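Can you keep this structure in mind? I'll have questions shortly.
The first chain written gets the first letter, and so on, giving A, B, C and D; residue counts start at 1 in each chain.
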Amino acid sequence: MNDRIPAGTLRKVDRGDALAARYGEIRAATEALAAPLSAEDCAIQSMPDASPVKWHLAHTSWFFETFVLAPNHASYTPYNPAFRVLFNSYYNAVGDKHPRPQRGLLSRPTLEDVQNYRKHVDRALADLLAGARLAPAQLDLIELGLNHEQQHQELILTDVKHMLSYNPLRPAYAAARRASDIASTMTWVEFEERLTEIGHEPPGFAFDNEMPRHREWVPAFAMATRPVSNAEYLAFMEDEGYRRPELWLSEGWDWVTVNGIAAPAYWERNGADWSYFTLGGMLAVESHAPVCHVSLYEAEAYARWAGARLPTESEWEVAGREMPIAGNFADDGLLRPRAAPEAGMSPRQMFGDVWEWTRSAYAPYPGFHPATGAVGEYNGKFMCNQYVLRGGSCATPRSHIRASYRNFFPAPARWQFTGFRLARDR
Amino acid sequence: MNDRIPAGTLRKVDRGDALAARYGEIRAATEALAAPLSAEDCAIQSMPDASPVKWHLAHTSWFFETFVLAPNHASYTPYNPAFRVLFNSYYNAVGDKHPRPQRGLLSRPTLEDVQNYRKHVDRALADLLAGARLAPAQLDLIELGLNHEQQHQELILTDVKHMLSYNPLRPAYAAARRASDIASTMTWVEFEERLTEIGHEPPGFAFDNEMPRHREWVPAFAMATRPVSNAEYLAFMEDEGYRRPELWLSEGWDWVTVNGIAAPAYWERNGADWSYFTLGGMLAVESHAPVCHVSLYEAEAYARWAGARLPTESEWEVAGREMPIAGNFADDGLLRPRAAPEAGMSPRQMFGDVWEWTRSAYAPYPGFHPATGAVGEYNGKFMCNQYVLRGGSCATPRSHIRASYRNFFPAPARWQFTGFRLARDR
Amino acid sequence: MNDRIPAGTLRKVDRGDALAARYGEIRAATEALAAPLSAEDCAIQSMPDASPVKWHLAHTSWFFETFVLAPNHASYTPYNPAFRVLFNSYYNAVGDKHPRPQRGLLSRPTLEDVQNYRKHVDRALADLLAGARLAPAQLDLIELGLNHEQQHQELILTDVKHMLSYNPLRPAYAAARRASDIASTMTWVEFEERLTEIGHEPPGFAFDNEMPRHREWVPAFAMATRPVSNAEYLAFMEDEGYRRPELWLSEGWDWVTVNGIAAPAYWERNGADWSYFTLGGMLAVESHAPVCHVSLYEAEAYARWAGARLPTESEWEVAGREMPIAGNFADDGLLRPRAAPEAGMSPRQMFGDVWEWTRSAYAPYPGFHPATGAVGEYNGKFMCNQYVLRGGSCATPRSHIRASYRNFFPAPARWQFTGFRLARDR
Amino acid sequence: MNDRIPAGTLRKVDRGDALAARYGEIRAATEALAAPLSAEDCAIQSMPDASPVKWHLAHTSWFFETFVLAPNHASYTPYNPAFRVLFNSYYNAVGDKHPRPQRGLLSRPTLEDVQNYRKHVDRALADLLAGARLAPAQLDLIELGLNHEQQHQELILTDVKHMLSYNPLRPAYAAARRASDIASTMTWVEFEERLTEIGHEPPGFAFDNEMPRHREWVPAFAMATRPVSNAEYLAFMEDEGYRRPELWLSEGWDWVTVNGIAAPAYWERNGADWSYFTLGGMLAVESHAPVCHVSLYEAEAYARWAGARLPTESEWEVAGREMPIAGNFADDGLLRPRAAPEAGMSPRQMFGDVWEWTRSAYAPYPGFHPATGAVGEYNGKFMCNQYVLRGGSCATPRSHIRASYRNFFPAPARWQFTGFRLARDR
């Protein structure tokens, strides 16, 4: 959260204007995601880890209201003072929070009221940006708010998918589009050992957890050219992968046993065939699309079965930062992973489709210090018992991702678009 | 569920016509209860014991569809075959059920779709009643369906109250009406010992659990003229009632301790004052209204503190059947218990305001046999670890109640309008 | 706990002497039950509902120390003041209690120490009885203590059985004795309707929950001559009894489903055969012995399957009080239910073998008042969500049982020697 | 588990003899730890994470029986074939396991029987070692078994402490010895950045998780000369450390809130004073002894409060490997952490007293491969959601520890002797 824009590289007025334009685009993109949904669709919370769409719409506005408007806009009047508590996610420094598992108990404010709240915040923010010159730290907070909103765009999709999946009527969020399903060979790319720099390199936005850029020793390794596919994962399943404790982390085996896990989330068996629930409804499993909605435990077990391992996050960054940020993102509208395109694909498909589990526990980089103030709670306090994922997914906005981006979830989480790629020692 | 209408007492055409009229009234009353609510209000389930309003609207229609239309209406087409599972509450004989705790995960069908479902069933039922003469057993099922729907009218109110109470915005279901709050003296009415008949006396509708009418020996007892009031209950609280284990059933004391109970449900302390959440929002506790939203445990503890006891259900029936069915019901629109009217009140206020806990476990009457078929699951299978409540509440339709009516809930339940009246040995 | 010995029927000196003799016998019987067990056997608690044998040995002494010696013996010195808390079971009026689920965490005091505690109490009680004339209320408390100790004798056997059953080495408490296993026909005995007296008739000891004797109207009924046998219960199992929801109470069906219940407790299938764990180790299921270790839910389901019902506790008492207290008790040393003897059996085998579930919820008799003081917590506070069992079991001391005796357990309890007998309406 | 003894460095006969002597010493040390305990003390399990002492005595023998005797000793007869399942801890490859939370339900085998089992294994192992020359891999397994037994020596102490702490009689495992409690200043030692080798350097025994030795880049850092003391930790507590969410990891704050944590485990407040339960009973908290029985969450919160951080495990190893393995170990018999000795202490006290939490998640070293066969389950499968601790404790045998040793526990674990040391960036 430090001022990462070196003095003089950009005149204030330019950055403010650019942010104003970007603000409009990103806020509109959020509303476009909610557009196909009814008020009822937006009100329901299907598990404590997920939130109602309405809550996402409000909380992203709360972020701008709390961190940008309240401290910087002298004449700003909160839309509703009660929202300060109601739509606080986890910022203890801001005060009380509505309990997370009870977000789905709020029929009021209505969806319409939340939409008015968004407009109220939008007007005030436009006003602020049009006014006096803002300090770089203030502009940084706006930029943080936009990146925060993009994160919630992805959560809107994952949470709606989870909620709809419980409905025996099998409703679709949007009509399913076809995707080609052609096999591509997985090969290995080799990397020499090196002392290298890891982490975000300014300028440009990054979250505090991607910094500071620092040196690491990365031993020689090989990385697969693409994520593991559904067909490959099915071979693991058919080889009794879910019944062989020797393939699993101890905690993973307990998880399989207690929860009766036998396939990725959203998969259903129909006799000999498998189908999966998607944002377009039930579809036959596409053989060559990356396997998705697997836990870290499943990724680890598959890798052991395949005689390989998961990459570390540093290995992933070394391999990924050489590649263009191209792939299947939320902007493409398919909203499910797809097989690699036949031709013209990059030598390594590192971005989009599925977030890729790494074997790296989510931890502070050497020299890491969280931002001061409440936004310091953004990332640092979660650095325990979570694992890093890299690369973005089919539900991530393309402009949101970069090679140094560190996503993180607990090992058993499966409702995100999570897959994995193999690595091995050399 | 036997044909309780002696042959010849009523010509078929009369009963069918009467039922058709009553059907229209009761169905309309249900919809009137939902009218102040938005689609979001109707979609949310606040705990496994409660159901979304939308589910109540659909399930009551499912009852007519499953038990009346499907077997008796030759050309009936189900509105949506998936609803057979989706809106089955607990009838194992009908087949699969959607899991009760997941009723709140269903954003689809929409409220509008459910309203269309209701109209579809209404048209088919009107059609059926207008057609060929129905057998008495068929008419009985329609009558059962109407009484069933009235039960769900009360549940709509209790479940909405529970859901709104979790909302920190404190929304009201309807504007709160004022009620007078004047003290009335509680006195004791004495009853001699007797061998008497207990249970429903035909003709007229009753649930199977109110039958057969049978003899019981009821020892001499005295019964309070009205339920215990908030002011009286506050005296118990101020006398450390919630902290004295000697007043409590063992299970009740565990319940108090584990859940940190210190007041009736929906009560909140503001310094020295108490207020409670009502369907009209937060109100100051009304001193002379019957205490409400207490568990059986609390009722038992209060009674022991007061040197009295709860009545048995037979005692209640002996005392209640002499009185007119008059009082504060859902039809009155106050939707909260109120102090007894100053003058002109009956010598004993036995009906309306609050369901009254008795010390009687819910058990079959001697000679009880559940109805054959799926409707046999209506009552009998719940005769375990529940307690009988009598008299109806401020959320009960007046035409639904009678002296022999047996409501039943588990001892810790508090979200219904539950209060109690004292009795004692003579 | 009132003085139930009418003045003059017994001189004080006689009753004190008689109690002293009985005290010696009952205390010795308790120690005989523990004799086959090691210190380790006596220390372990296998579930919160069960207690270590060592705890039973101490708690029964605590009862005499707390209720008899401390108030009445001027020079009594407690063995260890810490035991007042440590071995209090549930008497809130006595003060703090060691948490029930942690009774098995106490390696100290050692078994030897507890045995010394018993001797200390025994000496003091002998001293007290040999001294000045005790008031009838004091003698009553000693008599209560002896009946209390007999209850714990049964619990020692049921709790040891439960603990040993978890041990894969299948240890026996004592060598299994053979028992004949001959079928006896079950027939029905008919009883006319009547207004009758129910409850204990003085003189003689009874617990407060058996009083006051009071009138009840008991409709005509028929009662089976013996409990349901293992062979009969197996027919229910083979008829898919555990898979047919229509046979079960709603709560029972949930219990079956959640816990995966498919047979009585302690039963194990070996291919086509069934065996059960007993205090004599694993045995083949004896066909004609009463089925045992079933919950109220199973008893209710079987009865519905058999086209009958469970008796009420009043019906049981009417049928049982005509019969001699004869049967298979703890004194006989078999320690498991056995088939009715071929010849010379009473027309109705009502006592011993298995406690018989009734359909009666455990509730106060009309006019019931618990004793004053801490012993008033003995029974009354448990009158909620438990069901009455009658008749005693193969683990009950013969001198402890009578027709009016009311045992009580929650519906799902199975570790006691619980079976059932059928009844039906006439 | 590879043969880490280079051929020719040691003749077989020497290593076998040395192992035989060491076997005798270590097995005797285990029995000496159990000597002060009664059979009852050894039978009880106080929580699922802990095991009864009897189980530790048996399981360590099972390890030799299963991995050394059964495969290598032609004429070995198992002491009791049922023990193969009963005393298997977590080796899925060995077959079934007795459920961990039920280890405390086993009154049989008796302690005496387990002691005979130990002798049986000891005789067979002596026989094996005295016989034909064993292959290096076989000797490695014996050495592994001895290190395994030393780990369980520490667990015997931690598990007995936990069990005794639940006993309100406050029993001591052994009489408490006095220890001096003199303050020593904490200073910082600075380390330059470096590319260094981390992990075990052969020859000599190490667990597979300490290998392979590999290169790492370690940035410059400073390390405290000693662990945080009780006095320092009390200052954190007095500064409301347990009530300030900004100091805590998100997961840690939940843990504090849900469990009502307000002090290290075993601490009790008596007015203004604090005491703690030790293996010598209750003692006043010693101000300058290292704080102990804290979770990773508490260590992290303290470090943030102190403006520092926890070291990584590599930093700890860099700092620790320069120091002699000297300190307060199990062999010293104090069995609680003690203040650093006044004079003659090493410049950095890195070993003994308390295991030191690091901020490093327990993960495989680059190139790690678990051993083949069942012993491959020893370490690798636990590399998820655990954190590394370094340095050994007052309950660790001195000969068991080394600078590269990696202990690991989940973040909330507190029943081990766990403390921490501060580090900071330079």
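In this section, a contact is a pair of C-beta atoms (placed from the backbone, for glycine too) under 8 Å apart; a residue touches a chain by one contact, two chains touch by 3 or more.
What you see is a predicted model; the values in this text were computed from it and never measured.
Between subunit B and subunit D, the least number of touch steps comes to 2. Subunit A and subunit D touch with mostly matching residues; of the residue numbers seen at this interface, over half occur in both copies.
For subunit D, the chain whose average C-alpha position is most distant is B.
More than half of the contact pairs at A-B come back, by residue number, in C-D, the repeat among C-D, A-D or B-C.
Chain centres here are Cα means. That of subunit A falls 38 Å from that of subunit D. Separation between the centroids of subunit C and subunit D, computed from CA atoms only, is 47 Å. Distance from the subunit A centre to the subunit C centre is 60 Å, each centre being the mean of its Cα atoms. Residue positions of subunit A in touch with at least two other chains are not found. Pairwise, the chains that make contact are A-B, A-D, B-C, C-D.
Note for the complex: subunit D touches subunit A at residues 90, 92-93, 195, 214-217, 219, 245-246, 248-253, 296-297, 300, 309, 359-361, 363-364, 366-367, 377, 381-385, 411, 425.
Touching subunit C in their complex are the following residues of subunit D: 38-44, 46, 82, 85-86, 98, 102, 104-111, 163-164, 166-169, 171.
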